[in-house]
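First the structure, which I've put down as structure tokens, then a few questions once you've had a look.
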Amino acid sequence: MTDLSVDLGFLRLKNPVLTASGTFGYGVEFTPFVDLNELGGFVVKGLYFHPRPGNPPPRLVETASGLINAIGLQGIGVKRFSEEILPRLKDYDTALIVNVCGDEDEEYAAVTEYLDKQDGIAAYELNISCPNTKRDGRCPALSPDTTHAVVSLVKKTSKRPVITKLSPNVTDITEIALAAQEGGSDGLALANTFLAMAIDVETRTPKLANVFGGLSGPAIKPLTLRMVYQVAQSVQIPIVGIGGIVSGNDALEYMIAGASAIEVGTANFVDPESTKNIIRDLEAYCRKNGIQRIEQIIGTLKV
Amino acid sequence: MTDLSVDLGFLRLKNPVLTASGTFGYGVEFTPFVDLNELGGFVVKGLYFHPRPGNPPPRLVETASGLINAIGLQGIGVKRFSEEILPRLKDYDTALIVNVCGDEDEEYAAVTEYLDKQDGIAAYELNISCPNTKRDGRCPALSPDTTHAVVSLVKKTSKRPVITKLSPNVTDITEIALAAQEGGSDGLALANTFLAMAIDVETRTPKLANVFGGLSGPAIKPLTLRMVYQVAQSVQIPIVGIGGIVSGNDALEYMIAGASAIEVGTANFVDPESTKNIIRDLEAYCRKNGIQRIEQIIGTLKV
Amino acid sequence: MLTPLLKLLRYSDIFVVAKIAIRMHKEPKALIILKRTWGDYCLLGFRAERIATEAQPGQFIMVRSGDNLHPLLRRPISIHSVQDDTVEIFFQQAGIGTRLLGQKEKDDTLDIIGPLGKGFHLENSLQEKSVALIGGGRGIAPLYFLAHKLRNLGALPRIYYGGRTINDIPLRKKFEEEDFEILLTTDDGSFGSKGQVTDLLHVSLQDFSPIRIFACGPEAMMQKVSRIAREKNIAAEFSLEAIMGCGFGACWGCVRKLKNDTQEEWSKICEEGPVFPGEKIIWQEEEQ
Amino acid sequence: MLTPLLKLLRYSDIFVVAKIAIRMHKEPKALIILKRTWGDYCLLGFRAERIATEAQPGQFIMVRSGDNLHPLLRRPISIHSVQDDTVEIFFQQAGIGTRLLGQKEKDDTLDIIGPLGKGFHLENSLQEKSVALIGGGRGIAPLYFLAHKLRNLGALPRIYYGGRTINDIPLRKKFEEEDFEILLTTDDGSFGSKGQVTDLLHVSLQDFSPIRIFACGPEAMMQKVSRIAREKNIAAEFSLEAIMGCGFGACWGCVRKLKNDTQEEWSKICEEGPVFPGEKIIWQEEEQ
């Protein structure tokens, strides 16, 4: 049997397949399709301190091999999450990662401090990169300084490991990655969505009520894969690869480029069984190629 | 009859449809499919001062709704271009734009100075944004300072209008656009390709010999469209929209977002008659919507 | 695996989704056994036993239109009819996805998920009562299944079916052949009464008193139906459309502002709907 | 519109492309009138009069595999056969594009551009001379057209056709039925001689002396053929593959290093080839 487990240092996953925040609900929506216990873990929807209404519709528009979303992080806040959701998720034997959001740096810290008191969370994913928020497309992950500031603030108090989720909308991703590492981040998630838009030419209005949204899906895979490879050359902390993964092959590309684990996002909508199929395909690849432990392929790109 | 002509200030085009550098050869390759005289104009392959061999193959890899290329600007240099190509292109009654490249700032100026002495060129497109060159993915268009430097150097001597072609691989495209405008650029072309990669999981090697390449095609349209819209809000000079245009609708999205003209790239490979069809569809759209001059729709997005 | 899920079911508010989830099925290879087309409109029948068994009128499926990465997302299509192990859908080729779907042939397979959402409310109190079903264009799709269910329930459904031209009301014969009471309208008068289906509804309510109205069609049509129903004080239900990412409550992409109790909230059409009682719906012109 | 173009034709070096260009046609709706499949392999025949009239063996077409934006690019496929107004292609379903192509049926249409590239060199001096055609797997595709042309020319073609197993040499009967001299090999011995087609060629050249070899197949096979031909001093031509963006010289994506005169240069396979004389080709192991 192949050993699919991967070690992030701060967290051991039974396999490298996680789900991307905002695309897997709170996990339970997918139980008719996937046994959550078979996943490496799952990242729940972005969480602010207080409940948020999100953006007006239309919130979605499909593009060539991609999806632009402007959900605007509609959510229930830490209190309801802790009281209503957490108790019911803790019976699953898989890593639960909470995607942490904030309008100000202090809000991130407030969310993690609140959650620190709750059980059943394996790690935090700091979402400093969402393009759909008040800051008008601007977010901490767009500069090394603001990245460093949020990460180090959260790390000051956080009792749990922190994975910082970066934005791909930057000139030099390695610079931001290094800032997050210096701020004390335990790992990096690469990446969030690309700032995008679409126009209805008949009405001459934006197709999203929010004008801008974030592009995800297979269209972006070549871009985030490149970033994972670049960052893997520059940092010491583990990387979680995200962007357009729909197949085992896609996941393998990210791992060979240097990701220790991957997250599946938009593919969950296209085929809610995607994660299951990807795990199966990783196993088949390892068997076919005589790879005993999947960790052996991480960062093995021959250039 | 609809008036499809557009005025760039420094150049009047019979219609807004140009072809993107590197995707339309020297124009003549397409004469079995398109009457070049029907185009708004065409931009020829990137030209360095000296001939260049380009990158080793594989140079292309297809991705979801996209194409990654690492041609590496294989080309014949200004001398052969002027002696062998130009004389044969000047009989066409359409705007010929030369895409100008350089390894150093001075090379850009040297190319335009050389070409200034030749007839039959309508404008230069300064390619300060190609990800496939010696500079290892880095190019002047990644910072406002280097952008300003090249543009102002070329503008010091150039006898012809200069359109600066920007890179999409930046955090804040408006900052770069403003730097080009301040440097004296007469127009902006947005944008070149996105730095990308793909991996062969069987051999664990990059699918491109050059490791990195530039992503083009429909996959990137939502991203460059967003940039055109952002830049149109900040600059005074005309914008040429580029990225994933395959249909009249795509072209219209760019114009409504603020582009005065557009360039068709990868679509020329998918359907060499694309430009012809796009012009026809623009005309049909105007007729259907009672638009007398297509210029009336430029930058009319209602937000 | 079911234990923790079942625990959830006691918590109704945010876990409504889990209740639905438990009943949805993926059929990656539902065999197409029937195809009919009328211009842009297409009817496909396919084998999907579990969905056929559980579906209720007003519920929908999410269907992939092709195997490749463009178009990417599934498309929502109402359940048009159910017989034994077979489900039928009826759709108009509106864009790239539905056009591809219309290219499917007998013996091809469909990749679907369903049944999804909440359908029309059918109570025993409808027995022997008149009810009105209003369908505009492709909006007729779910009303065929509904009409059958209503008849089985002992209710007396009358169907109002309107389209732009004679080409947009292709299902008229299907209803007639099965002895449903059906009134037809076309905007251009090429068949049935000339005018909009809502005009006919308005007029006919002078001597026809349904205790319930069920409507599906273009937003503007449903809004008019809503106004008429309110005037006449008839309870009405509407099947709403929204652009959907997932279809089962996971993406929050399909929301619309709805009146829940006293508050207005962004609610998921896929999960809380697509069918809603008129009282909950905020129509566009009222919104500002 | 032709005037400026014709002027170009005098300048041969960089405008070779223009010469080819003038003969290529786009057929957006070539009607498929014939389909045959053998496992992964597929043969499609379609109406494309202008291409049929002008095609030469070794030339290819660029074909779209679907209407959507994924897969995006056309795929290069050799011209397998030409009859009156009909062109045939023969291909192996290797990936997403060719798989979609294999789903096309009779009465569907194909969007193609052709004929493209430069084919095999056929001179009158081949008359009454023996020539050897070596095809490995899907590489047999262009050799059928070539064999016919050679026979018409009065040459005496002998075909060597190899594959991994009996399933990889589906065209054997087609050649046999038309009385071509054909030798078959399979790697596993499931049909014909056991071993590689190059082994058989090597052995048989002891008592067979073709004046020309034409080969198409996997790179490793062609490389072996090249070595054998050099040893025996037989002029050989090879049809090379490359990933292609456009197929007609506009993208510079398909280059390979070739010996031109004394220099080695990146040359476009689509335009200067895909068929090249052995002397020009630099095989992979020689490259370092």
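Per-chain numbering from 1; labels A, B, C and D assigned in written order.
Note that in this section a residue touches a chain if its C-beta (ideal position, glycine included) is under 8 Å from a C-beta of that chain, and two chains touch if they have at least 3 such contacts.
The shown structure was predicted, so the numbers you read here are calculated from the model rather than taken from an experiment.
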What is the set of chains touching both chain B and chain C?
-> A, D
What chains, if any, are shared contacts of chain A and chain D?
-> B, C
So, what's the distance in Å between the C-alpha centres of chain D and chain B?
-> 35
Where chain C and chain D are represented by their mean Cα positions, the distance between them in whole Å = 53
Cα centre of chain A to Cα centre of chain B, whole Å, reads 34
Which residues belonging to chain D are in contact with no fewer than two other chains?
-> 69-71
What parts of chain B, by residue number, touch at least two of the other chains?
-> 64-66, 217-218
Does the chain-touch network form a line, ring, star, complete graph or other?
-> complete
Report the residues of chain D in contact with chain A in the complex, numbered from low to high.
-> 69-70
Counting only contacts in the complex, chain B reaches chain A at residues 63-66, 68, 142-143, 169-172, 194-199, 201, 203-206, 211-212, 215, 217-223, 225-226, 229, 244, 249, 252-253, 256-257, 285, 297, 300-303
Quick one: in the complex, what on chain A touches chain C?
-> 22-26, 28-33, 35, 37, 45, 53-54, 56-62, 64-67, 69, 71, 74, 76, 80, 84-85, 88-89, 91-92, 217-218, 246, 266, 268-273
Over in the complex, which chain A residues touch chain D? Could you list them?
-> 64-65, 218
Residues of chain C defined as touching chain A within the complex = 1, 3-5, 7-8, 11, 13-15, 17-18, 21-26, 64, 69-74, 111, 113, 242-246, 248-257, 265-266
